[in-house]
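You will see subunit A twice below: alongside subunit B first, and alongside subunit C after that.
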Partner chain A sequence: MSEVNVVGVSACPAGLAHTPMAAKALELAGKKLGYNVKIEQQGMMGPVHAITQEEADQADFVLIASDQKITDMERFKGKKVIRVNINTCIQAPEAVLKKCVSAVMN
Partner chain B sequence: MNVKKTLKEWEGYIMSGISYMIPTIIGGAIIVGIPQLIGMACGVDDLGKFAKATGFFHMLYQVNQVGWIGISLVNLVIGGFTAYAIGDKPALGAGFIGGQLATNNQQGFIGAVIAGFIAGYVARWCRKIHVSDKWKSAIELLVTPLLTTGAVAVINGLILNAPLAAINTGLLAWIKGMITSKTNGLIVALVLGGMIGVDLGGPVNKAAWAAGNFFFLEGVYQPCLYTNIAICAIPLGYSLMTFVWPKKRFSGNLYELGRSNLISGAFGITEGAIPYFLKAPQLIFVNVIGGALGAGAGELMGVNSHIPPLGGLPGILTADNIPAYVCGILVCAVFIAVVAPLVANFTEDNGKKITEDDIQLDITTE
Partner chain C sequence: MKFIKKNVLLNVDVKDKDSLLKYVSDQAQKISLTDDPDSLLQSFQEREKEYSTGLQDGFAIPHAKSDAVKKVGIIYVRLSNPIKWKTYDNKPVTDVFALMVPPENAGNAHLKMLANLSTALLEDGFKVDLRQKSNEEEIAKFISKEIGANEL
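Here is the complex of A and B:
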């Protein structure tokens, strides 16, 4: 299997704590597992660490750590989008990534 | 149709609406509060007396009125962005209209959310209308706005107008009655304070917060004060915990976090306490009981406010009965600081491990 590229978006109601916590947890877990993970934070201040169209095009799948409205989903047209509960992403980021990868790549 | 999944989606839509409303209401409340506090410091309790005057107090009045605009927009923002979450851009306008309708006709928060759902789902349905390309722009430009706003006008403005207004005013009168009676007021405080502790910033927490704000908009401030006490006291409790217990009882990370929770608590961000809760899920009971105790203590001591209350420690400034507010915070914070380390081990990784099998994926193609 070649390199795994993951992009994603995290969002929570207040956008203060869960949003960056989930994004950082997933990116850190990605580093450990050897995946390229970039998570955009759609929090209180609007999009932080935004995913560009190019990055979106290269991604193998899109991970949404939220059950909320995510803006600019047009970027991910044609991509597999996986929604996961944001708390699960904070608590077990590695397991989330592994499971997503095995669900999408096989 | 999967009922559980639908409810989960609805919850996400309402939370999206609330996430846009939070900055509106906080901005409004601060701009209402600051001139009022300056006025009070100068011995003027009611800036309204200076509505037609000139000079310094009239300037305070003018700024204060801008803040009230923010607060009066809350239903509009909720209606609009709940609709937006469901039906994207074409739903936004009708959602705004429905939200303002809810304000004008005393339908309250509930009316605004229902209008948002109607606007959102009608807009979503409009996208399914298939016509030849030359008519497409007509659908987008005229038919969708007509149908979304028309549905809100007929359903919320006509059919549901009287029942929604009756529910809203009835609910308000009921809670007002409960708050003024001693025992029932305590129940309201215990329930709201406890809810804040359930998920620390998740849907239950935000539901309690929204309930507080629902009454806030009607000028009934006690429920909001009850939630504010619990919101700032829970993170403060975890902070206090790292000061009173020996350092060796905490992992380096959680010890440091205790310091940053001082700030989270001071500004009313319950989310600061989440890492402790993730470490030891049984802390939910400590958080719920702590939040309920704090809010209950505040209620028993008669916490109140006659201007829109600020959250966190700045709330001390806007409270009429400062000892009640502070005491409520202390009761909750001390309870958590003392009890949490007794029921949870903060030293090393001992949290419940989530395995791949526990994780639910919801896969679609965009």
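Here is the complex of A and C:
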């Protein structure tokens, strides 16, 4: 399989703890699996590690780790967007990525 | 934000999550993070109702974003007896980091420390090192360093 590029956004109700945790958990899992994963955090600090339009364009799919409203979704127009519960992303980030990749790329 | 030994509470004995949150809210008043512990407690409880803040390996991160919070703060509680809490691995909780923030103007530098702490809890090394430390001073220093609290 060629290179896998994943972008995404994490967000939680308070925007304090679970938002950065999910982003880091997914990025670490991506490293382990050999995927390029970048997750923007939409928390109390405003966007952290924002996904650029160019990064969005290169992505194979978009992973939204949240059940919240996400801002600037226009960046991802035309991309496959997968929403996953933020707690699932913290708890089992590798399984989440693998499942998304096999759903999108096969 | 300072994280010093009065933010560290060891050998705390509570019977359940509600009494723990009440204990934390009262302690927050003692160290001037709030003047209104009842309203702070309510905010912790409301957040737990949305979704449990239990993590895994015995850790939980209850948090309150509330007008009752005067400034960003963290209280670490180590329990002498595990309490029931909905967690990812279904294990009871022994170590609690209570995070408190005012709803506005919390300051990004302070929020970054809370983010640093939360992501540190994804690392086994952090949890192991923390549990090896057994006095308040030592724990406060370790956590401050880990989250960048001495940079301010």
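Note that the second predicted complex is superposed on the first by the 106 of 106 C-alpha atoms of A that agree within 3 Å, B and C clash if a C-alpha of one lies under 4 Å from a C-alpha of the other, contacts with A are read in each partner's own complex, and residues count from 1 in each chain.
By definition in this document, a residue touches a chain if its C-beta (ideal position, glycine included) is under 8 Å from a C-beta of that chain, and two chains touch if they have at least 3 such contacts.
Note that this is a predicted model, so its numbers are computed, not measured.
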Three-chain arrangement built on subunit A, subunit B and subunit C clash or fit: clash
Quick one: is A:98 in contact with subunit B, with subunit C, with both, or with neither? Answer first, second, both or neither. first
Taking the superposition as given, does A:87 touch the first partner, subunit B, the second, subunit C, both, or neither? both
Is the number of subunit A residues in contact higher for subunit B or for subunit C? B
Once the shared chain is lined up, is A:25 touching subunit B (first), subunit C (second), both, or neither of them? second
Return first, second, both or neither, reflecting whether A:53 touches subunit B, subunit C, both chains, or no partner chain. neither
Which stretch of subunit B would you flag for clashing with subunit C, going by 92-100, 128-136, 164-172 or 290-298? 290-298
Can you list the residues of subunit A that touch subunit B in one structure and subunit C in the other? 13-14, 16-18, 21, 44, 87, 90-91
Quick check on the complex: what are the subunit A residues that touch subunit B? 11-18, 21, 44, 62, 66-69, 73, 76-85, 87-88, 90-92, 95-96, 98-100, 102-104
Counting only contacts in the complex, subunit B reaches subunit A at residues 8-9, 11-13, 15-16, 18-19, 22-23, 81, 84-85, 201-203, 206, 269, 271-272, 274, 278, 351, 353-356, 358-366
Spell out the part of subunit A that touches subunit C in their complex, as residue ranges. 13-14, 16-21, 24-25, 28, 41, 43-46, 48, 87, 90-91
Residue ranges of subunit C touching subunit A (in the complex, touch as defined): 47, 50-51, 53, 55-56, 61, 63, 65, 88, 99, 101, 106, 108, 111-112, 114-115, 117-119, 121-122
